[in-house]
């Protein structure tokens, strides 16, 4: 068995982790990045061109570790039909990609979610308005009342309630972003907190360095394109909240979609009242685990060797092999 | 001898460090967090319910490592009366908790402190006004002149000089927050710089990501509730200033309160002129050491193994045991 | 052979790395900092007073590792005349210190640079105006049109085109700062990505924590004095861009100045369109490598031991010694 992943996102960490557990490794993807995975960082034993070179992967006896990039490039439909073994539960894909199903899942897990307004005339606090399909925050705006909403929505051509299908109106929750990274071991039936990060976004993390006066002058708008990740630890008294939120998310997934296993991330903010408000779930490894190639403060607390999320996945595969239980974790 | 601490704040690191030095460990506190210290992160050999289960700790031959959470939950008076051995000098508690005594201590250490204004009519630059007893920055405001002060103070019901007892008026020092973590070994009579962090605060670290125009629109105010910590290294030419400040703080403590030993932190900002202005001292381990479970850039420079502040405490206890000098460091 | 460097900037890391590879080490500089390098962090076997104690360094058979502090304190002319062996290509110094030559170099490397405006009447977007010789951003201002430029320039006494020699007018590129640290091994003819950081600047990183309303009230201006560094990892799909930019920079240097080897850094920002716009090159070790004393996420991917940039330099020296090729890398 060889460990394979799409050559982007968190592939360096996944493949390094797999090598650390004794697996041979395969990166596949755009030939331009081949040197990254074979020369600059020699973590891939094989590099195969293509978004998903199925035949070659089958020949090499590969297991695919999915990442956000892999799913985005291949598309959910094709992922669901993959013949190469896939680490994780493919049922999760449709729950995660549909905004309504995702909300149903997270509500069942009793997470605190931002309120969604169907009717702008019910706005009774700050809201953030997100046009559907806009990437990286383009066209997002804040509003604080029904009147404010209608005035600003006009810029997007939204003039009456019939146009509302084009935007989502969400409670604006002020707080600092926090991304806890979990790993649920289906073999051991145990949840682990692997690490926590903070995203570094362009231009959202640039504007604060510009004085307010200059910002007003230059009429700067915000965008949230992720450029990198910064390591973070959480106030220790908040860890149990975060862990219990993770446990409930796994439990809800067991009830409605046959389980969630491997790495996942709850994406949210902590308010000044120290409440964790969740915006989204990523039901696989997130790039926020990349600062922790050599282990995180949390994984060092649990293990006496450097365990990244990538390596943790490989540990699970190795255990599956040794206990002859791979069929429980591959789909 | 067993190493014990209150189950919060930096207990994971303290107990992990103690285990690394061969001690058995005890966490005590709220039963809700028991799984955090025994299952998710198996660092506690014993978990005991209660804020301070004195009898059980005595039976188990425990030494308590104090943290901010422990002192806050138990209260200074009860800490002073503890029968279980305590790592550190309890005399420090009253110097640290009284704003006037703390200032006396830090002035004696020749630290640069923000000026305090007794009379708002003497305001000759930017000031920050802090209502006493307000947590997390609630009600804080900035003012730039006597007139500005009186206008804004009215919102808090402060109309004349008789009401001034309710607020502190402090020079507003503009600079970036820096938290150096020290360890003073009483056994070796040596100061060490363990690590440095940056706090991640809600909502202070959220507002910079909101464009000035939107901030004005939503009338956002700031709050400084600590949510987490981010690792930082300091410009190397500033290290000697930071270290000398730490040395003077220890020396002043020896002169006026019988010494300061173990971990402590000077909380301040660096101005654009690279001056370190100190706001406060924490005379024990701070949560800002939590990113460094597996050592910090500074502790790796000094040691050839991973030394967190928690582990450094355990190393001191071990040395005390081996040299039969525990009585010098426990009170 | 002993490894020597000026006692500031990144000397702790350089000397620690040299000791890790088995070298004896020398710090030289201001006697005030001697304890930093010999007692608090015992990384220097010798400490010599003086900005550049040539005779003593020759006697001790030293190789000097240059840093920004060393070059700034000694001055380029004296560095060029040094008799003590110097790691790196001294030819680089004049290309790097002259704004026009530096631009020629970086343009040849096909890096995306901010546009420079010779004529303010051609301003057709946001620009940043930098008075020559101003440190840390003093006097910098933003403008968005010719009219806006002339109005604001008047504060600096610039009233007509004859005064323009005193300022540089540069395209204002909005994006988040990113500092990738490279190492080019001349012995192996290989480029390596060592680590990436984010600078922590006073007061630029303080103002975002002040609400817009208060900023306007207090008339705060920005300054960019580096106080420290924060570890960062880059979005994995951007790594190949960064690496190719580094490769082209080395290639251009080989064509025009006889090469660039050892550590260097491209200082730039990532825009919201994920374009890397470069402002400057540092052709030697940068202080941004200091968070990675025990290795970075990138160096852990490549090596199975902790490799800082300082240690990587020592590894190159050791290889040069062993292969009798020191003359290729020392000048």
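Each chain carries a letter (A, B and C) given by its place in the written order, and its residues are counted from 1.
By our rule, a contact is a pair of C-beta atoms (placed from the backbone, for glycine too) under 8 Å apart; a residue touches a chain by one contact, two chains touch by 3 or more.
This structure is a prediction, so every number in the text was calculated from the model and none was measured.
Chemist: If more than half of the interface residue numbers appear on both sides, call it same; otherwise different. Which is it for subunit A and subunit C?
Modeler: The interface of subunit A with subunit C is built from mostly unshared positions.
Chemist: For the Cα fit of subunit A against subunit B, please give the angle of the superposing rotation, nearest 5 degrees.
Modeler: To map subunit A onto subunit B, rotate by about 120 degrees.
Chemist: Mind checking the centre-to-centre distance between subunit A and subunit C? Centres are C-alpha means, answer in whole Å.
Modeler: Roughly 33 Å, centre to centre.
Chemist: Any chance you could list the residues of subunit B touching two or more other chains?
Modeler: Within subunit B, residues 201, 205, 207-209, 212-213, 215, 220, 230-231 contact more than one other chain.
Chemist: In the complex, go through subunit C and note every residue touching subunit B.
Modeler: 8-13, 16, 32-33, 35-36, 40-43, 69, 136, 200-203, 205-215, 217-218, 220, 223, 225-231, 287, 290-294, 306
Chemist: Which bits of subunit C are touching subunit A when the two form their complex?
Modeler: So the residues of subunit C touching subunit A come out as 126, 142, 144, 148, 172, 174-178, 191-193, 196, 198, 201, 204-205, 207-209, 212-213, 215-216, 219-222, 230-240, 243, 269-274, 295, 297-298, 300-302.
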